[in-house]
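Below you'll find a set of structures to go through.
Here come two complexes built around subunit A, the first alongside subunit B, the second alongside subunit C.
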Partner chain A sequence: MKGYISGTAAITPQHTFDTGRYLEEWVDHQTSYLSATEPAYREIIDPKLLRRMSRIIKMSVASAYKAMQMAKVEIPGAVIVGTGLGCVQDTEKFLKEIIDNEEGILSPTAFIQSTHNTIAGQIALMLQCPNHNFTFSNRGHSFENALEDALLQLQEGVEHVLVGGADEITPIVHELMGSIRCVSINQEDQLSVLGEGAAFFILTKDQNEQSFAAIEDTVAFNNPLVDDVRGKVVQFLDRNELASADIDLVLMGHNGVADGFFDAMGDLMKENAIAQFKNISGESFTASAYGHHLAAVMLQKQQVFQNTLVSGKFGGSLDRILLYNHYKGVNHTLTLLSKCPS
Partner chain B sequence: MRNLQEKLKGEIIELLNLEDLQPEDIGNDEPLFGSGVGLDSIDALELIVLLEREYGVKIENPEEGREVFNSINTIAAFIEKNRK
Partner chain C sequence: MSHRVFVSGYGIVSALGFGAEANLNALKQQVTGIAPPQFLKTKHCTLPVGEVKASNESLAEMAGVSDKKPVSRTVLLGLIAAREAVEKAGLDEGQLRTSGLISGTTVGGMDISEHAYQSLQKGERVDYTKSFSGHDCGHSTQAIATGLRLSGALSTISTACSSSANTIMQAARLIKAGQVERVIAGGTDALSLFTLNGFNSLKILDAELCKPFDEHRQGLNLGEGAAYLVLESEAALNARGGVAYAEVTGYGNANDAYHQTASSPEGKGAFLAIKKAFEIAGKTDLTIDYVNAHGTGTANNDLSESNALKMIFNDQVPALSSTKSYTGHTLGAAGAVEAVFSVLAILGQHVYGNYNLSLPMSDGLEPERNFRSIKIDHVLSNSFGFGGNCSSLIFSKV
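Our next item is the complex of A and B:
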């Protein structure tokens, strides 16, 4: 399964939406989680539609629009979204209304917007796109499942697919996840820091003038032991007829916390340049969507951003990136991305 | 009645998140739907909830709703007539 990336855009806690200043100014967050650095939406989305949108929808719609503009696609052949927690802000609003009004008269908008598939639905409504519309919500593999569906759509003959991943944080979500020791709630915690954002792509069946990178292969697997990682990576490289020396950069979802899986990967690929992406995106169920976006941008710009390089040196041509991520040691991902031949 | 109209304008702007509008921008007889303020069917549902929650008045008949929600004046008149 292969798909060409002809457009992509992302909103993250850093400056990643404005391609002109991509990761140029580093945003220092003083909060215990990383809030998205959002653009002026009114310049991108019709204000009449904007008034009903919560943050996750705004982030997704803006990213989707920009990816489509880059790819010069007006109506995608499919809209596929992965989200771990969906529209949390509106869910909270709706639940609060149920309590405040003692299960009485409730606002329809908060209910309509509270469902996970609101993002894909909203994009389709705005585009008047009647094509395949699907939302995957499967914890740390929400984006990966969406990506696999997108690649299957291409394999079945669809010309181009809009696919993305998005998650938002609210203070309540952060507090709840912190209270079960899932994420860091203060700077002393040796736990991952929660982040939020959206990353969208236009994947095309064939390479075209806009294509700048390709997803060569991807695999998602669950609950491996640390010792299994080496075998999984070797197997993945083998099936793509590659050796570790053929990889120009390993991009990992390391989140700054001691982690046997990433240590094993680092040890296996110690001769390669290694970069990270969760210092930009923070941890979330769909952080890997940004990882894929960053890999695509690096391949396009032929640049490894200074703030991402962890070890090794990058020099020369950047032809292949191997992305490795896992969410809480449960949901693991390997994706091979390559530069498009000019 | 005049106070009710001004109150309604403020509530509608806040409820429907009409950030671009100030109460004085909405004329008392200006159509709320279509070419006027530009509200749509989901907004109509929100207005039904608003009237029931804040003023205790119910709109039972959809045809009646079409007339009631024509403008700020028609909503205010409906509230005055049906409020207990």
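Our next item is the complex of A and C:
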């Protein structure tokens, strides 16, 4: 299963939406979680529609539109979205109304927008796109499920697919996730920092003029032991007929917190240049969507951006990037991305 | 290479009871499971719902969950139904371990987190770890996989009311593509204040027992439940000597692209989904003998679905009924609940009555009044949801 990346865009806590100035300026977040650095949406989305959209919808629609423009695709052959928590802003809003009004007369607006597939549904509605429309919400594999479905669509003969991952944070979600020890709430915590954003892609079945990178292969697995990681990586490289020396950059989802899995990966790939992406995206159920986006942009621009290289040396050219991420040690991901031959 | 996809096991929990047999008996005897809520603590104590008649404590006992933490009914219902499905299939530990699980749900652990959130709003002390860590949709899938000791690939689909129809479609696609051999697919959703008040705010709940496809239908009744199918490739099924109860021959998903919550009057998305399902089935002579409709009982859905069906079947619509006046609308579980009913219809060569129908819609269809025997080779099952999500499945006799 292979898919060509012919367009991609991402909104993250850093400046990633404007590809001309990609990660040039670094935003220092003084808050305990990383909120998205959002573009001027009015230039991208019809202001009449914009008013009713929650942030996760705005971030997703803007990223999706931009990816489609890059790929010169007007109506995608499928719309597939991964989101770990879905539309939490509207979910919270409606829950609060239920409680405040003691189940009295309620406005349905927040409820209507609260379902997980509001993002994919809104995109279909705005584009008048009648095609396959799926939403996955599967913890740290929400985006991976979506990506697997996208590649399956291409295998089934669909020309191009819009696929993305998105999650938003509210102060209450942040507080709750901190309380359940999923993320840090203060700087002393040895836990990951929560972030939010959206990353969308147009994947095409065949390489075209717009294609700049390819997803060669991807695998998602659960609950491995630290000792299993080496075997999983070797097996993955083997099935792609590659050795670790063929990888120009390893992009990992570590974030400065002690972690046996990333240590094992770092040890296995110690001869390779290793880069990180969660200092940009923060941690979330769909952080890996951004990891895939960053790998694609690096391959496109043949550039390793500031604040990403962790160890080793960038050799000057990028043909293949191996992405490795895990969420809470449970949901693991390996993806091989390559530069398109020109 | 395209592999055939067989249904080799099924399990169900709904307002009609626990297990396929109890559900079938209720459908045969034409007894509805819809009644005022006994277990959901809501101010809307007269609104009829399709509630599973058991407390969380007894569900936990049935599911074999001894956790002291509050566990969502979504997880408990899911575990009970999924366990029945794998037992029916006769999977041994090893076969189970390598199976995948694709589960659908709309609100996941909301039934627990809405209470914790309420306590939080009121400034009461809550132990967050015990409630919010099970809120997200993916949690129930992981919990069911752990309960079944399953370590294959996991996936969770959340496309509103078509969620579990889509899990069956996804499993069939993966098996057809030769990527997996065996998948447990279905869905689970518990009643919650969130969904009950949500549908109430949309003014589409019937204050009485719902009347799908009736001229004077007033809306839907919410329900809860879970259902799972074991789906296998022909090779995997033969290798272990399993039984094929039915075959998944067609599936299709399309978007209505009309409105976030309402369906287009002409049923554009529904029409496209059914058409795709026929294309996948790939047989021009495929005659549908029974349609298990989405048929929620809302003015909008039943009109839209009727129009789509009339268009697909050139006004010669096969035997048709909605079973939602028995179970209520079980949201993310509905597609799988009705998939089990479809498989049972094939096995028993019968159709279900469209309970509580008085006067069929004037410009609509003539649904079945009663449970009766007919010859069935192919069943079409529809599921439509918010976000314009329309899905259709075709089950065939083996």
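Rule of thumb we're sticking to: the second predicted complex is superposed on the first by the 342 of 342 C-alpha atoms of A that agree within 3 Å, B and C clash if a C-alpha of one lies under 4 Å from a C-alpha of the other, contacts with A are read in each partner's own complex, and residues count from 1 in each chain.
Please note the rule applied: a contact is a pair of C-beta atoms (placed from the backbone, for glycine too) under 8 Å apart; a residue touches a chain by one contact, two chains touch by 3 or more.
What you see is a predicted model, and the numbers here were worked out from it, not measured in a lab.
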Touched partner set for A:K96, first subunit B, second subunit C, both or neither = second
Once the shared chain is lined up, is A:L106 touching subunit B (first), subunit C (second), both, or neither of them?
-> both
Considering only the touch criterion stated at the top, classify A:Y324 as touching first (subunit B), second (subunit C), both, or neither.
-> neither
Of the partners subunit B and subunit C, which touch A:N222 in the superposed model: first, second, both, neither?
-> second
Of the two partners subunit B and subunit C, indicate the one touching more residues belonging to subunit A.
-> C
Subunit B versus subunit C as contact partner of A:F200, first or second or both or neither = neither
Does the superposition put A:K48 against subunit B (first), subunit C (second), both, or neither?
-> first
Touching both subunit B and subunit C, residues of subunit A | 105-108, 112
Which bits of subunit B are touching subunit A when the two form their complex?
-> 16-20, 38, 42, 45-46, 49, 52-53
Complex contact set, residues of subunit C against subunit A = 42-44, 106, 108, 114, 117-118, 120-121, 128-129, 132-133, 135-139, 141-142, 151, 153-160, 166, 170, 173-174, 177, 179, 193-194, 197-198, 200-202, 253-261, 268-269, 272, 385-389
Can you list the subunit A residues touching subunit B in their complex?
-> 47-48, 51-52, 101, 104-109, 112
For the subunit A and subunit C complex, residues of the former touching the latter | 79, 84-86, 91-92, 94-96, 98-99, 102-103, 105-108, 111-118, 120-122, 124-125, 127-139, 141-142, 145, 148-149, 152, 155-156, 172, 176-177, 179-182, 220, 222-223, 285, 330
